[in-house]
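You will see subunit A twice below: alongside subunit B first, and alongside subunit C after that.
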Partner chain A sequence: MNISRRFAPWILLAPFLATFAVFFVYPVFQSLLLACRQTFGNTASAWVGLDNFSRLAVDPMFWKAVANTFVFTLGSVFIQLPLALLLAILLQSPGIRGRGFYRLALFSPAMVGIPFSATMFAVIFEKRTGVLNQVLHRVVGFDLDYSWLQEHVMWALIVAALWMYTGFNMVFFSAALQNVRRDVAEAAIIDGAGPWNRFLHVTLPAIRPVAGFVVLLSVIGSFQLFELPWLMLNSTAGPDNRGLTVVMYLYQVGFETGNLGHASAVGWVLTVILAALAAVQRWSARGEEMGT
Partner chain B sequence: MRGRRLQTLAVAASLAIASIITLLPFVWLACGSLKSNAIFFESLLLPRGDGLLGIDWRALTLDNYVRLFADLQFGRSLVLSVFYASLTSVLATASCAMGGYALARLPFRGSRPVTIAVLAAVLIPPPLLLAPGYQLLYHLNLLDTLSGMVLPALAPAFGVFLFRQAALSSVPRELLESARVDGSGELRTFLVVGLPLLRPMIGTFTVITFLGVWNNFITPQVVLQDPTKYPVSVAVASLRGIYYQDYGLQMAGVATAIVPLLIMFTLAQKDLVAGLTAGAVKG
Partner chain C sequence: MSSSPSTHAGSRWTPESLLPISAWMVLLLAVASSFAVALWPSRPTSGRVMWTFAKPLFERYVPIIDRWNQSSTPKVDLRMLGLVPLERRMLASFMSGTPSADLIEVERRVAARAFAGPVDSVGFLDLTEEMRKRGLLEILNPPSLSPWTSRGRIFGLPHDVHPVMLGYRADLVEAAGIDVSQIHTWDDLARVMAPLMADKDGDGQPDRYLINMWDNHEDHLELLLLQAGGAYFDENERPVIDSPQNAHVLAKVVSWCHGPDRIAADAPDFMASGNKLKADGYVVCTFMPDWMCDVWKHELPSLAGKIKLMPLPAWSPTGRRTSVWGGTMLGIPRTAARSQADVDELMTFAEHLYISLDLARELYRAGGIITPVRPHWSDPVFDEPDPYFCGQSPGRMYINMAPHVPPRTASPYNVFAKMRVMDALVKLSAEAKQTKTWDLAALEAIAIRHLRSAQRQVEAQLDSNVFLRKDGAGG
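Entry: the complex of A and B
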């Protein structure tokens, strides 16, 4: 083995490994130590052991953040994903013209970053004058004074996320639907299976591996919700903390109160929850083959 | 057959309605950006009047855009965003392509531990790094600097993972072997044989990273202190006032910030969608 072969892998990996070690691996381990300290400003800190974690357990604000985040996640999984799947199925039904245009239109909000859509939705959701209430009022007689950003913050977030991510998830389901075998689907039609039975027994089993992955991605993303409510509510958690989420709590204790230790503890709780969810998903998908 | 046609029609109608609902906020945004604050809420889209199509065209104004660029230095934020996003996406794509290729196609001791570290890193949610990352930048004196913005974004484990998968599926071992037999060194083989085969993923990942940086709010918010260094994401968010809202101005800011994204998307959408789903389906 000559010198070039021996060192080539390390030369190619060097830029990644160097930045990865300094700006990822080191801070991850540092955050374990940091989670056991209380910091005051940028330089002073004191060892507090596991106090940061036990404080979380009894802090009603933290539990409020967890509950809100959970509600948003449920909305994403049970409202957004079924809608995305439905659109993907409609999009691939035979004889539709302008498929490319529909896909482009439905996917386009995924390009718009959170700071921009949040700024837009803050105006859309205003009560009385906001365009959403105005339109809903004219079309279905919806209450003009429905206060999305005061009383019903979680619903506002779920609706905004519906616009932002349904098309994005639809694209993944579209790819998964390529796994549905045409001959099996046609055999089911000949056997007289209705659309609902065909969906349950032909489509769903075929897309299960990808669907499981999409659900996991959606849950992981939902649990990290922060900038959307933060910016829609004008850099606050909203009235009575109705828009407070776990990562917003992390940001507030770390960068507004200035205790990076407390923030690191929240970060680790989040990490453990998400790792557990990923493990559950892998376990339930064991033996299934991903992809084509 | 008639039932079939009716069904197709219903499907097309639902898709059309869903598309209209999706596109409506963009239209509303564009209209709103042309209205002064005084008449912002008087009409849903454009102000009614006795002009062409029943619209009062004279009530529309470019004043919001003029103020953005002349008074609020929005141009500077746009240029900075282009700069941060291009620099980060080019460097991150280069380092991930090299790393992913090495992990997939070069046998060496250390390949396995590095791959395991990359897979474990994908599981770490980015918010965990907010506090220790801030502290690290403080100690390295990188807060409020360009390096502080760009360097931490150059090591996305996810990117190395994507390029590793791409190399496994689209760079055939035999091709590399014959290049070696012809006496090509490993680095040359990577540049001449490997890199061209990774082109689709290079395009996708550059676009994904560019979008990620352009749309990122929290990193510049935490890292930067000097408002003259703010990218467009922070600049748009800071158009919101506490007591007084200038709605037309905010909408003009959002419209300006997302136009580059939508143009880029229309140009690159096929590769982008293909790359995204390939990562998921084969993941």
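Entry: the complex of A and C
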């Protein structure tokens, strides 16, 4: 009886541990080894040490991918999240009728999936027949042949992501706004604080842990950007790699030029970047917890 | 006083005494799901398995394979997979050395990836000697073998030729009194068809443009480069990107798409928006490989009787009047051919399917695709007039072009090189627009500069490949 009780947790954990070891620990270990090899074709593989990492350091395409990804990330953090917070605050304010409907309407783009959104925005940004050019042409005589997906790739992607994820992030902020203490807010009003000061000194500190989490999610999601540009740009990185992201670059070197080792090195660099960002977020969250 | 057995907790065995009930549930679920997977009905495999990726091809093959299965061996089980799953499963099988299908039909982009690595690690069987032994090299159109040839070895049977002609709006051209027989070069086309670009509606823009293409369309650019004698790689798979021919084509494409001599507009293929522009007559001429004829018939039925074909205008008065776009092959994975008997069996079937006159006729009638088997070119089916093309015989016109199709390479770096050349084109366009440079010689000078940069990037990729360093191009 005692023995069976002693082993029961391990038996219960065994399926998870086995799965975790086979599908996570082993692949991670293998991918680390793979990052130190060069592959070519189906079976050819050679040990190259840290060459894949040193090549990345001088590869202009990799740095272009990093720069594009940073631009998209900045767009997500500094445009999408403030807009999401603003919408959450607006929908929180008293006297709004049909609050549930607006929340659903704003959240619904997150439910339709990336392929649908990407196709829709590719059609919107299409030159000549695209909705945007048609409207601009009729209103201000804009050039119908202007190609948004050629001239402003990253902006087009940021706008598409804005439509998809602003409502999604708004839900997090709406939940966080429930934590703002009414008595503190009322005290601030009595003390003569205006809306901006109340937001800065009452609302923002109350939602900061959730905001930090949303920023982290947004940054991780931005760094993993692949499907949206891949579908909007017709399975390419766009003209002159203007839509190339880090994950897209990983895919290209791994599956188009067939060097899985180099792709694995890209994956590890991405992992280190994301781990560092997560560590910064945890560190700042700990500071807040200690301060409260 | 005797006590009942139930009061002796240690003497009666219950499942809970061995494991908690939750652990039993986990075990039960594991066993049940294992049985479910094991007993799940799967489609039985009989004989050899062949994968294809295109529904029209699948539909053409079914009756031919049914007839084969009634009278011959091995029995063949044809299956259709999407192109992406097919590619994934094929490459996974090649990488792991595990069996997949016995015959795999793939298109050019996918096949080039399978050809990467040293020759003896290519996942497809080297068919060169088998094809020579069976006399196939003599009857197949030579340029049609080039996409499936890597380092001098042939890894697949060609399915098609895919010559490119120019499809034009005969209704518009003839109404304007234009005689297309005067057109021999691209410059002739711009000159002779110029009246069609008049601005009759007075909006300050031409009512229509002469060529359907744009500077971001990689397939259009590749077919023009090949037609002009340019390429990404030479026959030894070394990059030749910064060639004068490539620079000339890039410069010309930029002058077609932008600036005062613009004659091109973008009406994308396979898209409703592009089809509307074509139907409206916004573009007059479109690149038409043989397979595109069938696409137009299905997607643009309103243009029946309004389209005609003509050879591509050449880059010089004596230049090539065609090019090539696309391609499919049938290969035998190494894992499927463990003995010479296997090779014989599979090659016999592959030859029956691909070399048969039945299939050649069927592919042409149903898909507009001409066969690479030269003895079949004299078949009357290719002379049948087609009402969609104003009674022309597209089959005969494409066959006349077939021997002149430019050869291509099967480098695994094709996609990478193509993208770098596209980057060069985009940079050239941007620079031309910024500096308002439209003179062809000046554009060519800028093009060479950007193509050299592209060449260096491709060379850097090749040089960093330790396998190419060891034993020459391709390992």
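Here is the rule we go by: the second predicted complex is superposed on the first by the 271 of 292 C-alpha atoms of A that agree within 3 Å, B and C clash if a C-alpha of one lies under 4 Å from a C-alpha of the other, contacts with A are read in each partner's own complex, and residues count from 1 in each chain.
Here, a contact is a pair of C-beta atoms (placed from the backbone, for glycine too) under 8 Å apart; a residue touches a chain by one contact, two chains touch by 3 or more.
In this text the structure is predicted, and so the values were computed from the model without any measurement.
By the touch criterion stated above, A:48 is placed in contact with subunit C alone, subunit B being left untouched. By the document's definition of touching, of the two partners only subunit C reaches A:150; subunit B does not.
Of the two partner chains placed by superposition, only subunit B is touched by A:175; subunit C is not. With both structures placed on the common chain, the touch criterion links A:104 to subunit B but leaves subunit C unconnected.
In the superposed model, A:183 lies in contact with neither subunit B nor subunit C.
Of the two partner chains, subunit C is the only one touched by A:237; subunit B is not. Looking at the shared chain after the overlay, A:4 reaches both subunit B and subunit C.
Of the two partner chains, subunit C is the only one touched by A:256; subunit B is not. Contact comparison for subunit A: of subunit B and subunit C, B touches the greater number of residues.
Touch criterion not met for A:191: it reaches neither subunit B nor subunit C. Subunit A residues 4, 8, 11-12, 15, 42, 123, 129, 255 lie at the interface with subunit B in one structure and with subunit C in the other. Residues 4-6, 8-13, 15-17, 19-20, 22-28, 30-31, 34, 39, 42, 87, 90-91, 93-98, 101-109, 111-116, 118-120, 122-124, 129, 131, 134-135, 163, 167, 171-172, 174-176, 210, 213-214, 217, 220, 223-224, 226-227, 231, 234, 247, 250-251, 254-255, 260-261, 263-264, 267-268, 270-271, 274-275, 278, 290-292 of subunit A touch subunit B in their complex.
Residues of subunit B that touch subunit A in their complex: 4, 8, 11-12, 14-16, 18-19, 22-23, 25-26, 28-29, 32, 41, 44, 91, 94-96, 98-99, 101-103, 106, 108, 110-111, 114, 117, 121, 123-136, 138, 151-152, 154-155, 157, 160, 185-187, 190, 211, 214-218, 222, 233-234, 236-237, 239-240, 242, 245, 247, 250-251, 253-254, 257-258, 261-262, 264-266, 269, 273, 276-277, 280-283. Chain contact summary for the complex, subunit C toward subunit A: residues 10, 17-20, 22-23, 26, 30, 91, 94-95, 97, 113-118, 121-123, 216, 218, 265-266, 273, 276-277, 412-413, 415-416, 419, 422-423, 426-427, 430, 457, 461, 464-468, 475.
Residues 1, 4, 8, 11-12, 15, 38, 40-44, 46, 48, 51, 55, 61, 123, 126-130, 145, 147, 150, 236-237, 239-241, 252, 255-259 of subunit A are the ones touching subunit C in the complex.
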